[in-house]
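Here come two complexes built around chain A, the first alongside chain B, the second alongside chain C.
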Partner chain A sequence: MNDSSPSSSNGGPNLAAALFHSAYPRFILFGLLIATLPLFSGLGLMKSSTLNYIGNVLVYAVAALGLNLLLGYSGLISLGTAGFMGLGSYIAAYVSKDMGMSFWAALATAVLIPTLIGLLIGLISLRIEGIYLAIATLCVSEILLKSFEQADSITGGMQGKSVSYPVLFGHAFNRSSTYLMLVVVLTLVMMLTHSFVNGQKGRALHAMRGSEVAAQAMGVNLLQYRLIAFSLATAYSALSGVLYVYFVKFSYPSVWNLNLSLYVLAAVVIGGLRSIYGTVVGTFVVWAVPDLILKKLPVVGAINGLPYIFNGLLIIVVIMFAPQGISGLWLSIPAMKKKKLPPAGKEAV
Partner chain B sequence: MVDPLMDLSLAPETSTRTLPDGDALRVERLSISFGGLRAVDDLTFAVREKEIFGLIGPNGAGKTTVFNCITQFYRPDEGNVFFRSRDGVVNLVGRPVHSVIGLGLVRTFQNVEVIQELSLLENVLIGAHIDFRATIFEQAFKLPRARREERFFRKKAEDVLDFLGISNRRDLLAGGQPYGVLKKVELARTLMANPRLIILDEPAAGLNDTETQNLTGTIRQIRNEYDCTILLVEHDMRLVMGVCDRICAISFGKFLACDVPGEIRRNRLVQEAYLGEEEA
Partner chain C sequence: MSNELGTVLQLFMRSLETGSVYALAALGIIIIYRTSNIVHFAQGSLGMFNTFVVTYMFTSFRLPLWASVLCGVAAAVGIGFLVDFLIIRRAKRVSSLAKQIITLGLIMVFLGLAPMLFGVDPLSLPRFIQSGDIGLGRASISYNAILNISLGLVLMGILFYVLQKTKMGLAVRTTASNESTARLMGVPTGLVTLAAWALAGVLGCLSGVMIAPTTTVTTSLMDAVQVNALFGCVLGGFQTFYGPVLGAYIIGVGRNFLVYYVSSIWGEQIMYLFILIFLIFRPNGLIGRKFVKKV
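Entry: the complex of A and B
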């Protein structure tokens, strides 16, 4: 797998790279593509409910990108995604509905507060590693979940909390415009993530994962960069929660359970560690494929708990046969084509 | 302990009295034990400025442990490590590992420690980590300062790779590159930090004969062009004898001798340590 990637980045003319010098236009094109989907549903080519599934994918993709920063780039594992998503959603709902503040105020507080809490938890828990960090973050998530159930006055308890579509720039949004907002936010998040991971701080995360000793010798303060990765992942989760509550217009405690965290984890692993597009595709595979495609199949579609079986099997297959996920398979296509040709001076130095 | 703002806080113990003029580094009465094993035992030696200094000893003599004590990967039980940094002489003992590079001291590792998933150029760029000033937001939004820095250090990294003769591979991923190339990447990474002292942990390990021969020239060239001091541990005696100005020999963590290569070769203690004592 490692052999293939260099040849693809160095070798033959990559058409996409030749067309677009920078990665940004490609992200924008990608965003435009998913932005056109409501048109299909408007023309009756796609069921209206399909748009809901896609919208949810866009929402969860933001959280998955955050987890990829943590797991893929920094080599840290967290099972607390759902808790922080829930926290973001409830704060956004509370600030906009109960306090009557603007969308922007809700967005800012709903991202900032969880991030600060994440920072605090990180300070305490990031001295431990591996499976212990996973357990610690799982505990935090479960504590948050219990709080959502108990704090009736803020979260609405088991009844959940509802909000309306956002009011932005003086317009009351409807479902389609909220969907477009999701597209814009996801595209921006993808672009920012791309610049971040390819810059100095992103390389420091890479170094931390690849070799802790080398990272330290090069001046990377491990605790500091673990904190950066952890709070970023928390901020992405919270943002994802905010988007969720504005698109779904509802937040229940039962949504923010371990199951969701595991799904986000599955999306990252299946999509491919350290791949931005892969993460989005992985999110689509995990959330939309079972409901949109598999359930319509004869016999298979009738199986109870199909999404769980599908995702579980998929994770096993990916880990065993394609550890780099879907993005890894995609990147190895040019190399496989090349292998059929005689190897032309590979060792020419 | 918690140091989230990563200031390279230089302790106020800066003075020049502890290190004579002309010395770049002085290891003083250094000791460290692991359980019952005394890996380094009351070791003292000094490296002069702009010198290529070798640390040798039989397997298990504690050479790498000494390096780890100097660079603060290990905390020595006793002793001091005085280093002439950009801001005067400092005692390295007790400083956070990640702050050492900021003083002008960089190291390589025995088993190359490169990031497989990054290109050679990106690996080398990690060497400039502490010189970046742009904040996380400037980098995520690609604001002018972040772009300027990135361009500047990319150019610098390209020059360093050029200097070491591997710039044609700069965009290839480190994973899958030959060992000799990765060794050079590690070397290039240290050069990005404008070091005053480079510590090389077995730079010739895993290299073939030609590569080892070329390494002698490369090490000299680095010393001359980058105007720095070099301290190295190496098993390849031809390289050590050929490249070092002076050599310190240790055995079982204890000092044996410190002299020019010719004298070290003739030293009876050193011969005994390597070949075993002669029956009297």
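Entry: the complex of A and C
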């Protein structure tokens, strides 16, 4: 996520140029761009169902950004993304519907509780070798999934749980305004992530990625920073779950299985580690491309299980031949124009 | 024999049967881990796919069950070769984390291939021995369960014998301990990893064939097996070949007893919680040694 931005420091006279070079206005511009998409569907240039796919991409992009913080900087895999997303969605649904509390209360509890659980899991598993986090989060995800199915009184069991669009600032939202809410949240999360990785904690994480031993020698507490990365990833997934339940208006146990966690991982790997825009593009590739493009193709579109094959092969190909993902390919375009070799992606993951 | 004891005995035998399924899958995972240094998350998915091959041969081509299983084993060997030859071998340069992500990608590929080749309708696979029970006091156990238990034990017995007592086993153990040194010493490490992937595939296929009659053959057939086999590895420690097998049996027994005596709904979750808590006290598993990280 090192979108190298000279930003505030250059202070040139040209305001427009400064704005363009600074990262935050670009995020806002990006947000505005996605926010205009419903207009196209209003004009009939885009199918209304397409907007649902894009909305889902925005929801999952939040979780993917969290996982990218964890995987990109601490090299740890979490397979609990789906479980924490599900937990966030059910808590939000329960607090807002059954307890009749406000959107903000639902949001706060739905993010806080999974984050605390994540912190606990992290404390247990991060003291050991890194691979245990993947297995421990898989374990927790299984426990959560089973609980979603069994705890009828809270989750609605197999029937699932429904909520209505959020009520915010005294307005009852509809589909378009909920979509706008997703855009705003994603933009904020992107900005937050940018400022985090470029801040003091982000620099410590960078150091950890370079060499854990060197970072330790510089006074970086490995456990503490791994915990920070993992809690952030958990908080992002929970937030993503909250967004999901308000946009889709339903939460079923079958959604929150291991396959979803793998999809999020695919989005991160395909988009490129440590790249904010790459992650969003990766999420689009993983969720929207199979449904919006591949299914329309003549022969290929009829294959059962096509999205899985597409994303699975893409992960493997990216890891083997382009470890920096889409963002790495994008960044190597100028280099190729200058007839130089593209930066060899040997440092891999 | 008292009623209570009969129940315990029956539960124990049934646990041994599920334990064998988990243990075979876990053995596949640990063989890959030791030879290729990858935590093999796709062990269950590969097993699921090969079980689909068996079931498809059985239902569509009307082959006898043993011939179908042979086809499945052949498919497992072939796919194992392909995975190692096309992917793992070519990914030598990438980090072990990236290799794990590759196995996660493999899960998705086989999840998609199974419905593409075999259709989306759930299939079913019969047991090897259709009927018949042995009475043990008040408990009874089916011939098929005894076949499964003994098949698991015999297979593992042979494998451990080969690993510990033969030259082939020595090659595997040398590769496991240090791949580049082993290569310098003239051990054909390429052949070893090739064989390891084929073997893991076969073990996964057999565990799939064992578990299939208890449910329907769908893409989620092996999810529970994969998860429990991984936890078996964690419980037993990743440093030995027999630790994960032991861990898998413990999980099989523990799960069934918790489900029967504590709660049929929450038993499995309680088991997983126990494993998490166990990790706090013995982070390297029952038989694990401490990881020593060299700079």
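Note that the second predicted complex is superposed on the first by the 319 of 349 C-alpha atoms of A that agree within 3 Å, B and C clash if a C-alpha of one lies under 4 Å from a C-alpha of the other, contacts with A are read in each partner's own complex, and residues count from 1 in each chain.
Here is the rule we use: a contact is a pair of C-beta atoms (placed from the backbone, for glycine too) under 8 Å apart; a residue touches a chain by one contact, two chains touch by 3 or more.
Predicted, not measured: the structure shown is a model, and the values here were computed from it.
Taken together in the superposed arrangement on chain A, chain B and chain C fit without clashing.
With both structures placed on the common chain, the touch criterion links A:L180 to neither chain B nor chain C. Residue contacts after overlaying the shared chain place A:L112 against neither chain B nor chain C. Of the two partner chains placed around the shared chain by superposition, chain B is the only one that A:A204 touches, whereas chain C remains out of contact.
Legend: residue contacts after superposition of the two complexes on their common chain; A:Y308 is shown touching chain C, with no touch to chain B. Counting the residues of chain A touched by each of chain B and chain C gives the higher count for C. Once chain A of one complex is fitted onto chain A of the other, the partner contacts of A:M218 are limited to chain B, with no touch recorded for chain C. Of the two partner chains, neither chain B nor chain C is touched by A:I154.
Legend: residue contacts after superposition of the two complexes on their common chain; A:L227 is shown touching chain B, with no touch to chain C. By the document's definition of touching, of the two partners only chain B reaches A:R274; chain C does not. For the pair chain B and chain C, the least inter-chain C-alpha distance in the overlaid model is 10 Å. With the contact threshold set out at the top, residues 213, 349 of chain A are in contact with chain B in one structure and with chain C in the other.
Across the interface of their complex, chain A is touched by residues 39, 41, 87, 90-91, 93-95, 97-98, 100-102, 104-116, 119-120, 223, 227, 230-231, 234, 265-266, 268-269, 272-273, 275-276, 279-280, 283-284, 291, 295 of chain C. Residues of chain A touching chain C in their complex: 75, 77, 121, 124-125, 127-132, 134-136, 138-140, 142-143, 146-147, 150, 213, 257-259, 262, 265-266, 269, 303-316, 319-320, 323, 346, 348-349.
Chain A meets chain B in the complex at residues 2-3, 5-6, 9-10, 123, 192-193, 195-196, 199-204, 206-207, 209-211, 213-224, 227-228, 274, 349. Within the complex formed with chain A, the chain B residues making contact are 2-6, 71, 73, 96-102, 106-107, 109, 113-119, 122, 125-130, 132, 134, 136, 139-142, 146, 149-150, 153, 168-169, 171-173, 175-176, 189, 193.
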